[in-house]
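Two complexes follow with chain A in common, the first pairing it with chain B and the second with chain C.
Coming up: the complex of A and B.
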């Protein structure tokens, strides 16, 4: 069995205490929640922190609820949340504490109702045991993955190491100083497509960052989270439900604030989201390709705004460009879906950072985009 | 009937090797080569030895004797002496107070290597006739990159092709796969002051390990004891000695303390001994009616760094193909190459799964070309029972036709084959496999299997069995036989197995030999006790011995059930009359069940099992995903001593074949990918085996042909049922989407590429309407 390196375990009760520990020990400390990513990585000697700061004792980082300017209106784990959501006003958000497990998120009625793509993605991470431990905060901050990186110390030493850890060569690109390890988390593409924001708390205070701005194209450290910051919660702006729970009036300003284009103020819209994951097994596997889509539809079924995010390609999820210019005002029929999928294909080039035929993975981009968009029309 | 070890295993009470902790036990680790091929210039261990907590370091020079499971090809040292031959080859071993200290000590061992060119491709290794060699040639003038060449020809092969009205040719590649047992290899060595050496090991061959430990470590075999605790899966991957077993013994001899080594999962991948990659070319001739006229095979086996069982594998690659179909003429030419990769060896269906895949696809192509139903084609070529194969193997019981009937009916074949819509299909394949090998690995005239029974005054029967329980149910099997013969309730029978100090020799859990051989030995021993008990009870009742029946915990007089006594009393009477009650039994194979030529004995078995599968698949032509929905498995096991265990073996086999068909791939990085010969993904995350969600529905159809020589008619069930999985799925994919995929595994990218190539070909045919058939009727 692989051995863990020695470390000291801390279990603070508050975000502030956790941040202070991380700050105090600097690069010698790492936060841990479910541990499903960090523990194997430590066994592989990808990280050898002397201090592990557990976040599991911080109750403020839990909870799934719909909130508005008037405060929380629905609890996360109960049908009361469903009932309460009927009265939600337009500028509501779904708040998800970063410590919520992927299993809970995949089953949560509020998440399933408002963010089906996210619930689907959370339910497709790894296997049941890992979803019971793994948290959404951990999934968002998941380390990038590469066939030359996620290996044992012996294996990497036999290779001569790589750019991402202990070496100076990228074995994927052979040239260049940029690490192309793949962003491999399932939930972030959905959070980006849904216009989520992340709340980060660090030694100098709390800040919000749009999910779409959170990731950078650096496979070595692919997020804007500083090492002494903690992702405490995720907020997803909701359209707000109408009678069927799917329609609402959009507050254009609110959407603009969350980093998306302005919606036509006052129109009744319906939002749908979906997620498709390419993998060879029906459990356990990381994505070989992931596709998240979210669309806002007018009452007549035409597209107001549609967003697609593709990941497991490089270090950062790719927000697909040029969709609204062909989709806005149109119905999401087969022809439009095909055109959107073709635009996706043209923008996505999988690399050999995952040990599965990259030509095939590229060919699967339009197929999976098509299928994800099909899910929007089917639901 | 319950498995006798089931409860302990299901409740976590079974003690595997790694569960054993001895007082004062040290922990060992093995330093492994980062190079695929290099000369060892120097090893400096003093820094490691100086590390506090380190008790001993050993290198190859401490054990400079070669070993090998096949006595003719000993080419391994416990730790490398002069050269390393693959990434992961063992170079030195450390014993320390704990694993962390041992790991730290490995970093302090300085090895100076001189790198040598590495061979990853078996063809390149064979072509380098003048070297450089991976091994020194065993004889001057030989190619040191070749383990074994076998060329055998039976009947008039070219005449057979001349008579053929259809000749189908095909190239096939079976990429290697490994066993992935849940339990990694583990061993504990204990050298005691009196010169006795005990090794506990997760092995499936305690007897061979016993011999090799004594020979390599130069200890009198009478002082060596091998104990095999319950094994958490083996599948052929623990059927020869490994470096850790020698290292724990040697480190214990040096330190006087017990030493344990447990492999990491990564090391299990390096130890390997899994299925050889086979590069195969087949030519198959048939008449217009679909009767085979001639078969010709050219096979290159990629053996990896050491011989392992490779000599046998090379023979098996050809010898085991000659049933269940009649072949008037057959030739094979097989060459096993050394390459700088982990050594290949036996995996469930040793040496014959790869050719069976190719050959059953060839048969499907013949059926297609001749417009004959593939099941009907197989029936027409049926070799029959009580016959000899073209290469001289004696076949006795043979339920293959019943297997074909069973899968045809259960799968609703006639309404499905070539009748399902595009994207869905069914495929069939058949196979045979040995029930043990007729000859032991080292030549000797002694029994292959032995057992000893001892009856206690309490009514308990103790069974001393040399056979290895590796999850297949051998401890249960002997319990059932003792219960059957002596009438003892199952819970009055204890099995002590796998301890060379106390149990007679059984050669090991390999080649599907145990039920047949140990079962017969057990019947013999039990009958010897039964005779004594009947005799003593008959005397008390003034009856004939044959009138004394033993059943259900009682001795009962036939025809007079009022006359009875508990078995305990019957045993006490027998002990009073004959003294301490015990008996041994043994089994040796019948001779003259094979031809008379060099190599004729390899492939010879006292009985053969037969199998047929039908697989139903759904192929997504857009993505290449193959969803195997169901596999119907019909298997002739002779007689099912416990149908639940037989069905378990059938399902497990079909699952394993299915896994190899769709996912498994033991592959390596090239020099261009950073390091030649580095295992692509030595972990269960990236070396993919199917999860329960991926696994098809499996329906077992047990066929009982009642073998004349098997225990109560039983034959094997552990390996045969794997074989047809792969070709049945291949043939079903063809039925579904019209493509033949001759390279394993049938992964989505490969299926997708094949479908795209077929589409491109169809498009080009539209423009130029000229069809070049791969298989043309003359």
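Coming up: the complex of A and C.
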């Protein structure tokens, strides 16, 4: 039996009221959505906030819809606003309210059509009950994990506490100066590969931050979210018909500069994304290694831009470097896939932060990158 | 103590609980519904699975306040009076329970599946039950029982 520490439970109806509660109680308050990460962590006494602020009554944080209007919030459903098959203006985004559950996201037709890698990842998180409860906002803000940290209070007290919680040494690496707890969420690598932005609301207002800038290399607190900020929604830019040579909404400027982008105006790009996850059991487990890929392809099937993100190896997802320089303008065949996988292997060194052999995890990097890229080719 | 109002198996129930109680603690220690099991008690094993608004969730990590104004269904509410739910009956006929500790959670996951998908494939059954650990059976007879129940419900 694992009892929760005592707390007061607040149920605000608006983002502003929730932020105000978090701000008022400072580090003694934490937000909860699905609770699938926070509740077990509280049972382990990793967090003991006196105030829990439930976000579940905030309807503005729900909805999945395609919008071209930055002001649209809340209330949408799977089919409303889907104009993607017709003309799409250049600022078209897929908006996902942070309270949408992982089960709903994995089954949502808009997410499946536009962001298949994200839908796949959401459907591979934990097990079915946890996907029914857990939200994408919570998955993005998931606490980092480690073989020592994620144990009961009783267990941790026996050997002494660690850097991440109440101690001053890392029992995993022995050298002890840096926390090596790993980013272990499935959806963020996909959101980074798809060029998503996160909307955060805090006491001083609302700000947007790119998914690629959201995570930092610190196992103790690995995001740029302040403790009194709430992640309210996620926006994923969608591909529209080209109009000015900057078709790819993700880093479009770089494509235009590179000179390898789509040439004539009016050409249509096609984006595909995929996700692969290494774990011991095909359910419940967190990833030992995760690979998200997203590629923009020209009509003739050649790569315009391709992005890979690898995670579960360290405190933040790693964006793979040097892919475009060998992939742009080429077809995604076996030779190119092998070369990209080798580049991935050279950049990835798993930390010894979980119980599974890190050499094996590293050897799996090119294997899982090849499989993910293979998914993009449909073969 | 605060008073929480729950709709459990069709009955409106009131219960005094500490603010930090989970739904599972409220069911077991507040309402005496001990069918839902306290296994790992941290969201890994699935023994505490109940159905909230038609979806299988883990009651051991659900704050009780999140179940207010929702429809909670536990293993005690699956049978129709003295007539077992077809899933329960097929578990019996197929020998799908051994020690029985995981059974209430698996029954709830199975009923939630069949309510949404009346004729699941074997693979869909396996996926729907992938969050319920059973250390006795090896699962084969459990899948057999759910398949048989689906066939019976479809008649």
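Criterion: the second predicted complex is superposed on the first by the 330 of 379 C-alpha atoms of A that agree within 3 Å, B and C clash if a C-alpha of one lies under 4 Å from a C-alpha of the other, contacts with A are read in each partner's own complex, and residues count from 1 in each chain.
In this section, a contact is a pair of C-beta atoms (placed from the backbone, for glycine too) under 8 Å apart; a residue touches a chain by one contact, two chains touch by 3 or more.
Keep in mind it's a predicted model, so treat the numbers as computed, not measured.
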Partner chain in contact with A:26 - chain B first, chain C second, else both or neither: neither
Which superposed partner A:360 touches (first chain B, second chain C, both, neither): first
Partner chain(s) touched by A:203 [first = chain B, second = chain C, both, neither]: neither
Chain B versus chain C as contact partner of A:322, first or second or both or neither: neither
Which of chain B and chain C A:283 touches, first, second, both or neither: both
Partner chain in contact with A:54 - chain B first, chain C second, else both or neither: second
Touched partner set for A:1, first chain B, second chain C, both or neither: both
First (chain B), second (chain C), both or neither touched by A:333: neither
First (chain B), second (chain C), both or neither touched by A:171: first
Doubly contacted chain A residues - partners chain C and chain B: 1-2, 6, 127, 282-284
Chain A contact footprint on chain B (complex, rising order): 32, 34-35, 87, 99-100, 103, 184, 262, 264-266, 622-624, 663, 669, 673-675, 678-683, 685-686, 688, 690-694, 747-749, 752-753
For the chain A and chain B complex, residues of the former touching the latter: 1-3, 6, 127, 147-148, 150-152, 154-155, 157-160, 162, 169, 171, 278, 280-285, 355-357, 359-360, 363-364, 367
Sites on chain A touched by chain C in the complex: 1-2, 4-9, 11, 32, 35-36, 39-40, 43-44, 52, 54, 56, 103, 126-130, 132-133, 282-284
Chain C - residues contacting chain A, complex: 18-22, 38, 41-44, 46, 49, 55-58, 61-63, 65-66, 109, 127-132
